[in-house]
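First up is the structure itself, then whatever we jot down about it.
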């Protein structure tokens, strides 16, 4: 069995942001030498997501509006108990559950085995600091 | 390490539909010869989901109503920016995030290692065309 | 390839509850002898979730309120068709889709490869009976 472990680091300048990380993950698949296997990509922070969807600017804006509607930002401890701890990011913990922590992607013939429009995104919901994603590849 | 890769194809006649694909996945597990391992099942399209839940007709109707409430269909580009591209499926990209892209199921003693009511579904949110699911099995 | 399969059992006394299961999963990783691999942790029941987030009491209360807002409990068959079957747990099937069925965690150097605040939770949405989680570990 071959395996590879790597971290990708980000520092999103705003509270929220969406970054296409597909080419970085593809490069790690090549580096791993794995021909057949699985590639796990997960946020290592609990106010961020890794998800797969379209790299279309309008859609990303729609996601951002929609998440804000389902789990609005509110720094107050009267709205979110979590924010009584001094945090202001309770909404980010919720947004991340909608978009998910991780994706698992098949590796076939040394490549990410993707449908026509699948792209891997890092979604930041509480940015303005360095945060990271884990890539773990196993296979042969 | 053994591995198997197969696609399952669907053409849902309506915009939305929910198809139980458990027996197709089980057949692939048998075909793989894997006794202990992992089985990844993912939508290859970004307006569809693979999820695990109950095969009960009322529940499926409830899911459909609930998803429509959380992310209503609206073809207008004034509601969803994505639809300014000429698409009308922005809602489908959101519904898919709620229900998820993929499931990973354990294989134990050559079978899907399931609880009593777990069934694998393909959920279509933008049908009326051929779309597919990837099954990737690794193990020994 | 090494592999391990174990079940964790729970009996949550209330309808809903959130249990940190990280140390139980870590013990199974040690027991497996796997140094590099993947660890799948999934609810075996379709009205419960396994998810990764913070072990902070206020946040857990916020999740509970938020899930109840997105998918309110209502035993009536007029609100949820699923409840016409004699069940009263349709809301639990929806809450579970938001929080997810499973997590896949990397194993690196014989440990769960976690960011600073990642903790694995079992979330029960229809308790007061014995239910279980599957842990499946593969690697070498």
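When the chains are written out, they are named A, B and C in that same order, and each has its own residue count from 1.
One rule holds in what follows: a residue touches a chain if its C-beta (ideal position, glycine included) is under 8 Å from a C-beta of that chain, and two chains touch if they have at least 3 such contacts.
Here the structure is a predicted model, which is why all the values come from computation and not from measurement.
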TODO: Assign the assembly's chain-to-chain touch graph to one of these shapes: line, ring, star, complete, other.
DONE: complete
Task: Homomeric contact chain A-chain C: same or different residue positions, threshold half - done: different
Task: Cα superposition angle of chain A on its copy chain B, in degrees to the nearest 5 - done: 120
Task: Distance between the centres, which are taken as Cα means, of chain C and chain A, whole angstrom - done: 20
- [ ] Can you tell me which residues of chain B touch two or more of the remaining chains?
- [x] 1, 38, 70, 98, 100, 104
Task: chain A contact footprint on chain C (complex, rising order) - done: 1, 36-38, 51-54, 56-59, 61-63, 66, 70, 98-100, 103-106, 108, 113-118, 139-140
TODO: Mind listing the chain C positions that touch chain B in their complex?
DONE: 1, 3, 5, 38, 40, 42-46, 70-71, 80-85, 90, 93-94, 96-98, 100-102, 104, 132, 134, 136, 138
